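Listed next: structures, encoded as structure tokens.
Shared between the two complexes below is chain A, which pairs with chain B and chain C, respectively.
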Partner chain A sequence: SRHSTALGYSPASLVPCRIMPVRWSRYNPSYLEPDVKKESYQKPLEELTEEEREQMELKAVRPIKAAPPTLSSSVFSDPMISKFTNMMMKSGNKVLARSLMSQTLEAIKRKQLEKYHRAPENEKETIECNPYVIFHQALKNCQPIVGLSNITKGGKTYQVPVPLTDNRKRFLAMKWLITECRENKHRRMMMPEKLSQELLLAFNNEGPIIKRKHVLHKMAEGNRAYAHFRWW
Partner chain B sequence: MAAPGYPTWVTRWVSGQWRNKKRPPTLRPPRILALADQVANRREQLREATCITEMSVMMACWKQNDFNDTPCAEEIRMFYDCVAKAQKERENQNEDTLSSRGNLPSSKVNKLLKRFPQITHYV
Partner chain C sequence: QLDHGCALYTAARGGLSSVSTQDVPAERPRAVFHTSEGDPAKHTEQHEGRLYNIPLEEVKAVFPHGLPQRFQQQIQTFNEARVMVRKPALELLAYLKGSNFAHPAVRYVIYGERGTGKTMTLCHVVHYCSRQGWLVLHVPDAHLWMKNCKELLQSSYNKDRLDQPLQASVWLRNFKTSNERFLQEIKTQKKYMWGKRESTEEGRPLGEVVEQGLARVRSATDAVGVVLRELKQQSHRGSFRLLVAVDGVNALWGRTTLRKEDKSPVSPEELTLVHNLRKMVRNDWSGGAIVTTLSQTGSLFKPSSAYTPQELLGKEGFDALDPFVPIPVPNYSPREFESCYGYYLERKWLQHEKAHTEDGKAELQFLSGSNPRQLDRLAGPL
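The block that comes next holds the complex of A and B.
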């Protein structure tokens, strides 16, 4: 069975568990996270602060966890884009998801370049051509600021406006983007085309995802009287 | 024995049964006269919601500017700062110290009492 054990880590000598914990780590707590950034190893010793020096010494002594395949030290890898690709992936088809993502970025670049070449001279600097910048800015514009959570008080459930964590905001933005592109597109339109369209609209603070964010904000604003029901 | 720790003759003697002066039993210890190792579970007083003023200021700004984020950037920044501060405070505060209201929840009290149990017998 794949149910998690009561302990996240149990030494093999005490409990010979044949149960694989689903979400908890089986590493010994002394294992450190791998650091793949090249810059942290190119700095000369003198430039490091006290804490960084201690960290380096610790790394020489302690064992290090295996790096997951998604962690890369390449300059072209972007954690946000990897996360988005994983969310787009269906039934483990990472190849397809990654190709869709690269086609999306290419489509954004093509559209922006076309716009750039058509624009008059004075407007050329305002047009952003870097698809990564557009992607990040579009996601940032789609992130909601407050969310609603169900709180039961006196037998009734109220929708209470609540501040969201960064992870939750990022997740909601990506989720909205993907669901919008999957559901509201023409049967024969390809995903990269639709995604690039939505990303460019979100970059300019227009489009259905921004509207969805505004709807959420309006509901939170309407329910602001219940904000005192929170206890955190 | 009806009352723990006290032989029956003590209860009968104190009650005046042998002096023909029966009175209601004055010695009625229902449990052992010693401190228990745990406190009754009390419903912890709910804390107040944090950052309500910042949130209401931000929402007023939204109402004025038709829910655009660019004119309200300052209010949004203040709201985020408040949220980060409250989060940090909550992480630092949750240790074995008194809460902001000056009382300790029953779970923490029980943990402390378990470390120093009452000695009720001689070895």
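The block that comes next holds the complex of A and C.
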């Protein structure tokens, strides 16, 4: 249970106030991260260097943190797909989100394979059938380069073009994709079908999400004059 | 003797026989797990674990209904229908080949855990029988008659029973597609009255009864009953062999979720279709065989861990079907798993780069537990 494993670590300065940290890790620093890579356990003892041997011995003695549900030792696990699945999840129903994701990937694969098998020989190489490649490329195509942020100067708020970090770009692309599929679809259409349609369009640089990205870029280009308001 | 020349399939057969005489077709070299033997009658132990092709026109003619949903999607995607030859099917085919048709019909019950391939075994047997020129009475899923019925009419023939016009007409349409030529050759032996004005005289072809059922949806259920009765009475003569293939036979002795107008529950005996099908599955006729499948997947009020005949059929069903030949269907053997995995790779169904590696294959085998349905579902997104 929670009480036995997580001994709260309170820094010495806070001890008299008896405040327990809530937002950060409550693990004792002696707990190690779980290691799920098969390769690290398959190496025979002789091949390990000094540090690795020490690490192995440490793992035998120290307690290990609980593995989070996103951590997987499967060869098929993909961090981007897991992130997307988590963003699609509603009220903690990961089972449903995951099944929707797998149905989406299957739908993409089916559509592309049907096109592939019916295409003439010379066009077969141009058709991409791997749903993971399509997913990653589509997300990359949807990522904006600059974003807009609200900066208040002299009483007025300006939309200032601002560079985005990688994480923010990925987040925006996934968010746009999910909101587009949730809102602009027919009531009876299933989410996997709509998602697969949007992903295929984004893969070919078409579709409403790419349009949204271009609209953002145009607005940023239009507000170039205010770029010097940014101080970071 | 009716002409077993299979006039319908001559074109398909001609194409296939040219393929089977050649060793290696010109388009691509066949891998180890394929077999070019397209006739189920010639499948032997050496074909075990291999996949054989059914031409698409034949699929449309022989299986207007009856193939599992996922398999139909697979046919659509791969543009071909490949069925694996497995031990339970070979066993059944051997029994059918060696059976004496003067004796009463033997009942075979295919059972096994969820997703092990019972329906596909049944489809393999149905394909064999239709190739041999038998008359196939295929009920794709008896559970569909026990639930989600929008219209329940009181039967005009017997006041206590209830008709299901929609289900009956759908079944009649598919029956007509698969057994066109028999409907012209078999004649009715009695005069049947449909309501006050319409009737079918004695000696008319059975096709007219089917047309009547399709045209007048109200009498579709009675048309089904007439068809079953005629086939049962005439099968012993030997002019045709009859195969009764029922998927999910445990539905006939289970419970329904249907209710009458006064909200009282309907029991299966009160449904005309079920009543007639139960009479068909009894072994008091000769000149054919009865092959059935147990199915927990569509069943009502049965726990998901139940798969044995005793659990799924209940006392009543077991006594009704007793004696029967049980045919268990296990999960994939290592050889069958290799074959299925190789087929998915060849058809480019497994697209993930790691799926081509040994690690990926071991992981698929472990996660699916060599269960055909789980393997299919796992390989879907990969």
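Definition applied: the second predicted complex is superposed on the first by the 175 of 232 C-alpha atoms of A that agree within 3 Å, B and C clash if a C-alpha of one lies under 4 Å from a C-alpha of the other, contacts with A are read in each partner's own complex, and residues count from 1 in each chain.
Just so it is clear, a contact is a pair of C-beta atoms (placed from the backbone, for glycine too) under 8 Å apart; a residue touches a chain by one contact, two chains touch by 3 or more.
Everything numeric here is computed off the predicted structure, so don't read it as measured data.
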Once the two structures are overlaid on chain A, check if chain B and chain C clash or fit side by side. fit
Tell me which partner A:189 touches in the superposition: chain B (first), chain C (second), both or neither. neither
Using the superposition on chain A described above, determine whether A:145 touches chain B (first), chain C (second), both, or neither. first
Using the superposition on chain A described above, determine whether A:58 touches chain B (first), chain C (second), both, or neither. neither
For A:214 in the superposed arrangement: first (chain B), second (chain C), both or neither? first
Based on the superposed arrangement, let me know which partner A:119 touches: chain B (first), chain C (second), both, or neither? neither
Classify the contacts of A:67 with the two partner chains as first (chain B alone), second (chain C alone), both, or neither. neither
Touching A:224, do we find chain B (first), chain C (second), both, or neither? first
Going by the contact rule set out at the top, does A:127 touch chain B (first), chain C (second), both, or neither? neither
In Å, how small is the closest CA gap from chain B to chain C once the two complexes are overlaid? 26
Which chain A residues lie in the overlap of the chain B contact set and the chain C contact set? none
Residue numbers of chain B touching chain A in their complex, please. 46-52, 55-56, 58-59, 62-63, 67-70, 76, 79, 83, 90
Touching residues (chain side chain C, partner chain A) in the complex: 73, 76-79, 348-349, 351-355, 357, 359-360, 363, 380-382
Going by the contact rule at the top, pick out the chain A residues touching chain B in the complex. 141, 145-146, 161, 163, 205, 214, 217-218, 220-221, 224, 227-232
Touching residues of chain A toward chain C in the complex: what are they? 38, 74-76, 101-103, 105-106, 109-110, 113-114, 116-118, 129-132
